[in-house]
Structures are given as structure tokens and as C-alpha cells.
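Before anything else, here is the set of structures, which you'll find just below.
You will see two complexes here that share chain A, one where it goes with chain B and one where it goes with chain C.
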Partner chain A sequence: MESLLFWFFAIVAVAGSIMVIAQRRAIYSALSLIIVLCSFAGFFFLLGASFVAAMQVIVYAGAIMILFVFIIWLLGLRTGEEPAIKMKWFYLAIVFCLLIGAQLFYIFVTNFKEVVLERSTDIKEISKVLLGKYVIPFELTSILFLAALVGAFYLAKGKGKAEK
Partner chain B sequence: MLDFTQLNASILPEIILVLAAIVILLIEGFQKKLNKYCSLIALIAVVGLIYYLISIWNSNLKGFYAGVVLDNFALFASLIYLLSAALIILSAVHFLDIKKIESGEFYALLLIAVAAMIFISSANDMITIFISLEIFSICLYVLVGYDRNSVRGVEGAIKYFILGAFSAGILLYGIVLIYGAVGSTNLEALSKIQGLEMSQKILLYFGAGLVLVGLGFKISLVPFHMWTPDAYEGAPTVITAFMAAATKTAAFSVLIRIFVINLPSHEISLEWILWILAIVTMTVGNFIALSQENIKRMLAYSSIAHAGYITVGLVGASGNREAGNVMYYLIVYAMMNIGAFLVIAHLERGKDFLSALHYKGLAYKNTFLALALSWFLLCLAGLPPTSGFLAKYYVFLAAVEKGYTILVIIAVLNSALAAYYYLRIIVFMWMHGKEEGKALVKGEETWSLISMTAIVIALLLTLQLSFMPSRFLQLALSF
Partner chain C sequence: MELYYYLIVSLIVFIIGMIGFFIRRNLITLLMCVELMLNAANLALMVFGTKWGWIEAQAIVLLVMTVAAAEVAVGLALMIVVYKHYSHLFIDQMTKLKG
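Let's turn to the complex of A and B:
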């Protein structure tokens, strides 16, 4: 059952990823990305990390993709004239895909060092780790957001006249 | 549980900087009248911290489950960021005024970037390193495009942003692979590993290589340098100075902490990759710099070449002592490069004064600035009495002692080649007629005491690094 679900999610994720880059319309790409992110949530669920799975759906598939879709609609990017994949770089891309694929294959067939998060299913345990051992990175992300907010606000506010 | 005394001390500098940034943002938001004090607040925070950091030298503060280590190495790197930031703030007051750019967010973003850089140097955990890197990168993306009226600035910012985001992904992938091989993101755990199996070693190699690529983007090593000239040219000149000095130091300090200090050399050795990168970086940087007319672009390629020299230092480094040499090179490089950029920023009136030809006859127009710029360029060229020579000497000597003679020969040949484009500017300034200078140095002479002070301080610091380097060398060799 578990491996059946794994293969289901895997095929959906790969197919969705191909859809993301192969679509001509930006909105279809965005919708395909939602499928990919949801199938990732499925992977996390299968690994027993139900909290991460829920976060994946709520934050990525929910909030962030909604923003994507809104921005695409607001900008009015309805039709893309050019094909999404440029043939010029296609072969180079395949070479790199094969390289990374071979590397990942090797990693998975040989023994991967076991780093199982034993207690990761429990939200209480996650919060203990986040506010204990990883409190610095956790708090730093808030500074990251502050910097990003201030920067985005500055760049977007007011209209500077562009010189020629 | 958490030990609060250590908790406060080990991240106190960052807390102060972020608080100052928030105060500046609040002033910008609610008290527009007090706007002109923003730079003062930023300056006080930065200068105060310089004194504070020197006072806690040798105290080796640790906190947060050894996730933050404020040792002498981190303190020295922080000193470089803070000195750079202080000079940039001094110069920016005048620069932003002349260019009619709003100032509030500028200082806030600068302070946040400095705080993140201090974090990255004192971080002992790869997750912290990654997030800090992202914080100062985001600040810099915005600062590069800070002059929204400049098309080139926005172009540079977008290029920097897209390539930077891509490199962040590569860096993160590398960290994940190292985590997969070692089972921990903590650098101390990384240094203690031994007896890895073959498959884990391959993982570690891939991971370390990708981390090198991700950081290579930030220090503009050659295959990953494409964004550098455009971003450096488009950015406000004071920010270019900050990027060249502080960002490079931050990324190099991480490289040293991961590759020289913590990655066990008996398990994995990346020296040959660094060897190739060093040669390619200096050669490409110098050869392209030869043909640059725009002085900011020329200094951008010169900074690529210098990244190559510093990488020679990394190849030669096998312990804390050599790491000290590299850090000494970084402080020397930061000061002389900032000095040169500050003079350019001071002279800059619009985009018309950036060609090398404009510097013809500058000596007769403004002798002091010409003297200062000549000195900084001589330092960058690394001619004997200057600090640039001293720094190169230590770094190259360490590499020779480790047996990398061919690498050092190529590096020395490169420095000789580089002297041409630095000296060319000096010749333009001193050996061309008075009339030419008057014809080209146009625009009303605006003289700013604050901006001049920054140049004088940079000059004094490089003079001290040249003729009385013992104090800085002592600090650099104390870890």
C-alpha cells in the first residue's frame, strides 16, 4: 500500500513538474505547480512527517500559490508567444539532468546515512527543537522577512522617473 | 536550558545592529523631521560596536548549543564589516544627498546586512550560515537597485537577484548533501567525522563542491562571476564599495570556516579544485580589466582578480595561522578598495565622471584626492611599500611553503600584469596637462567635510596597515 502510494505521488510529481515548464500559459504552469507541491506533501505524509505535510499544503499550495495566481492575473499574462522550452539549451539541460539523476540514483542504491527524525511527528517535539537547538536560525528568519519586507516596500513605493 | 548570560553576549552585536535598524525604520516611518539623524544613529551603533568587539577579544563566547561561536576569527571578520560599514555610512551621507536618493531605508538595510554578516562569521551551524547569507543577500539586492531612477542600477539588481537566488539554491543543495553524508548540520560534528564509507565520501564531495559553487557566486570566482561587472557598475558607488569589501569577506570567512578549519582534510580534499579556480579567476579578471574604460567596471574586474589571489591563500591554508594570513589580506583589501571607491564616489557627478579619461589631469584640479586615489591604486596593485604587497607576500609565502610553487608563480605574473591598469589611471591623473583636466573635470565643486573625513580615515587605515601592521597582524594571527 505504502509503495503504491509512493509511486502514485512520484509519477504525479514528475508529470506535474514537466507540465510546469512545458505549458505556454503562465496560469497553467502555476496550477501544475500546485499539483507538484501537493504530491510533495504526500511524500512527507508517507515519511510520517504529518506536520510538515500539512504545512506544505497550507503554506505552499495554499498561500503562496494563491499569490502566484493573483499576480499572473493582475499582470495579465494570458498567452505566451514563445514555446516554454527553448531547444537551444535543451541538450545541455538533459546532460545536467542525467548527471544529477545518476548522482541521486547512486546515493539511493548505496547506503544513505540514517538520519531519521524519530519524534518529528509530534508538533510539541518540533516546537521544542525549533525553539531550542535551532532557535537562532528560527529567529533569524524573522530578520530575513523584515529585510525582505523593507526592501520590497522601498522598491515598490513611489514612482521614480526612469532616465533614458 | 538556555544559559542567559552567554545567550546575550554571543549575539549582542547583532542585537544592537538590528535594534538600530528598527529605530531608523521607525524614524523614517513616523518622524520624517528627524530623518537626517538616521545616519548618525547608524554610525554610533557601528563605531560603538567596533570598540565593544575589541574589548571582548580573546573571550571566545559560545551560545545556543554551540551554534554561535564568537571567537577571535569571527571578531576579526566582524571588525572588517564594521570598519567598512562605518566608512560607507560616512561617505553615503554626502553621496545620497548629491544623487538625491532617499536615505532612510538605506541605513536600515545596511545595518541589517552587517548584522547578518557578523552572524555568518560566528555561525557554527550550516542552517544559520544559509539564512544569514540570504539576509545580507536580500539587503544587497535592494541596495544595488537603491537608486530607482538609474536604469543600470535596476538592471544590475535584477541580474544579481536572479543569479543570487539560483546560487542560494545550489548552496542549499550542497548543505543538504553534506547533512546526508554526516548526519548533522553542525560544523563541529563535521570536523569530528572519520572513517566514512565510499558512498558517504562521494556525497560529501558533491555537497562540499556545491557549497563551494554557492559561495563562489558571492565572491565572484570566475565561472560564477557573470553578475559582478553589471551589479558593481549599476549599484550606487558606496554600495559597490561595501559589496566588494564586506560581502567578499563574509563569503570567504564561511569558506575558511567550512573548508580550512572544519572539513577534515584526511577525509576530503578540495585543494585541487581551489587551485584551478584560483588560476582561472585571477587570469580572467586581470585580462578583462585591462580593456575596461569605465573605472567602476575596471575595479569590478580587479575585485575578481583579487578574489583569485585570496583563493591562492585558501589553497595554501591548512590551519588557523594561514587562515590568519587570509584574514589579513581581506582587511587590507577591504580598506584599500573602499578607499578607491570612496574617492570615485566623491568625484562622481552623475554618470559622466566614470570613464578613465575623465581622470586626466585630476592632480592639478584636486591634488589631495589624486594623491589619495594614487595611493589606493598602488595598494591594489601590490607594489612594495604598500599594505597590498605585504598581504600578498604572506598569502603567497604560505602557498609556497605548502609546495604550490607553480600557482604562486602564476599569481605573481598576474599581479605584474595587473599593475598596468592601475598605473594607467595614475599616469592619467599626474602626467596629463592642466588644461585637459580643467576641460574634463567639470561640474560645480561640492566639497563635503564628512565624505572627506571618510577618505582620510581610509587613507590612515591603509597607511597603518602598510607601515605599522603589527597591531592588525597580531589580531589576525590570534586565532
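Let's turn to the complex of A and C:
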């Protein structure tokens, strides 16, 4: 059952991410990205991190993708269409990605082949870590959020109106 | 299910995001490719955390998610500014710095 779920999520994730980069219109890319993020939530669930999986759905597929969709809607669908892909960049990208992919594949397959999954995670443990040992990064993230909020508001408001 | 299958999926998604970052010319799609790569890195982090029974990995994944949310908020606000300035979002037509 678990391996069936894994293969389902894997196929959905890879196909969806190919759709993200293959679609000409940005709104279709955004919808494909939502599918990819949900299948990543499935991966987190299979790894035993059900809290992270829920957060993935709520934060990524809920909040971040709503931002994307709203921006595409605000700027107009027309802006999402782009001219045909230049093939020289595609070949360059393939070369670089094959290099990095071969290195990482070698490391992963040689060092992790014998590892078998065991899951032992509890939301109580995560909250102890997050609010105990990592409480300063946690609070710094709140400050970062506040800064991002103010910055995004200032940028999107525009120069002319902000000076009034 | 062995753990390295997860790593291979994360690797494939990372590489797809990277190819997309190279070949696409639309700023919104580029930001989406960055999100793909971030998610793949998150998944790899979770796999390593599961391998060594390291519960901090989940906390770090949560922090990475919040940082990604902040990054997307600022990036999309920048995109509005770029759109107001250029009336399009194609990076190969933004050549003001070219001598």
C-alpha cells in the first residue's frame, strides 16, 4: 500500500513539475504547481511527518499559490504567454543539470541504498523542538515575516502614492 | 519503501525546476521554478531527518516554508513594480543595463 502510494505521488510530482515548466501560460503553470505541492505533502505524510504535510498543504498550496494566482489575475492572463523557448538555453540547461544530477545520483544511490524507512514522529516532539531549542529562529521568522509584509506593501503601493 | 527513492524523486524535481529556470523567460514562471527547487530541497531535508531520526529536521522544514512564503510575498510585489515599469514580464526584453 505504501509503495503504491509512493509511486502514485512520484508520478504525479514528476509529471506535474514537467507541466509547470512546459506550459506557455502562467496560470496553467500555477495550477500544475499546486498539484506538485500536494503530492509533496503526500511524500511528507509517507515519511511520517503528518504535521509538516498539513503545513505544506495549508501554507504552500493554500497561501503561497493563492498569492501567485492573484498576481497572475491582477497583471492579466495576457502577460503569462511567452514566446517560444530558445533551444540554445535548453541544451545548456540539459548539460548543467546532467552534471549535477549525475553527481547527486551517485551520492544518493551509493550512500543510501541500504537504508530502510522507520517513522517515529510526534507533533509534541516537534513543538518541543520548535519552541524550545529553536525558539530564537522561530521568533526571528516572525520578524522576517513582518519585514516582508512591510516591504511587499511598500513595493506594491508604488513610489508616487507612498510619498503623498 | 526504501528512503533513497524519495531522494531520487526530489533530485528529479530539483532538476526539472532548474531546467525550467534556465529555459523559461517569464518572471512568474521563474519564481515557480524556484518554488519547485525549494520543495525538492525540503523533501531531501526531510529524508535525511528521517534517516537519522532527527526530529529537528521537521522544525527546520517548517522554518524553510515560512521563509519561502516571505520570499514569494516580496518577489511578487517586485513583479508588480516590474510590470508597472515595463508593461511585461519577459526577462529577455529587460535590457536597460546592457551597454
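The criterion applied here is as follows: the second predicted complex is superposed on the first by the 141 of 164 C-alpha atoms of A that agree within 3 Å, B and C clash if a C-alpha of one lies under 4 Å from a C-alpha of the other, contacts with A are read in each partner's own complex, and residues count from 1 in each chain.
Throughout what follows, a residue touches a chain if its C-beta (ideal position, glycine included) is under 8 Å from a C-beta of that chain, and two chains touch if they have at least 3 such contacts.
A quick note: this is a predicted structure, and the numbers were derived from the prediction, not measured.
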*Considering only touches as defined above, state whether A:A93 meets chain B (first), chain C (second), both or neither.*
second
*chain A residues touched by each partner, larger count belonging to chain B or chain C*: C
*Applying the touch criterion given at the start, work out whether A:V36 contacts chain B, chain C, both or neither, answering first, second, both or neither.*
second
*Now for A:Y106: first (chain B), second (chain C), both, or neither, which partner does it touch?*
first
*Considering only the touch criterion stated at the top, classify A:L155 as touching first (chain B), second (chain C), both, or neither.*
both
*Report for A:P137: first if it touches chain B alone, second if chain C alone, otherwise both or neither.*
both
*First, second, both or neither for A:F8, with chain B first and chain C second*: neither
*chain B and chain C contact sites that coincide on chain A, given as residue numbers*: 112-113, 115, 133-134, 137, 141, 144, 147-148, 151, 153, 155, 158
_Interface residues, chain B side, partner chain A - complex_ = 2, 11, 18, 22, 25, 64-65, 67-68, 105, 108-109, 112-113, 115-116, 119, 123, 125, 127-128, 131-132, 134-135, 138-139, 141-142, 145-146, 148-151, 154, 179-183, 197-200, 202-203, 206
_In the complex with chain C, residue positions of chain A that touch it_ = 2-3, 6, 10, 13-14, 17-18, 20-21, 26, 29-30, 33, 36-37, 40, 43-44, 46-49, 51-52, 55-56, 59-60, 63-64, 67-68, 71-72, 74-75, 79-80, 82-83, 85-86, 89-90, 92-94, 96-97, 100-101, 104-105, 108-109, 112-113, 115-121, 125-126, 129-130, 133-134, 137-138, 141, 144-145, 147-149, 151-153, 155-156, 158
_Applying the document's contact rule, which stretches of chain A touch chain B when the two form their complex?_
103, 106-107, 110-115, 132-137, 140-141, 143-144, 146-148, 150-151, 153-155, 158, 160-164
*What residues of chain C sit close enough to touch chain A in their complex?*
1-9, 11-13, 15-26, 28-29, 31-33, 35-36, 39, 42-43, 46-47, 50-51, 53, 55-56, 58-63, 65-74, 76-81, 83-84, 88-90
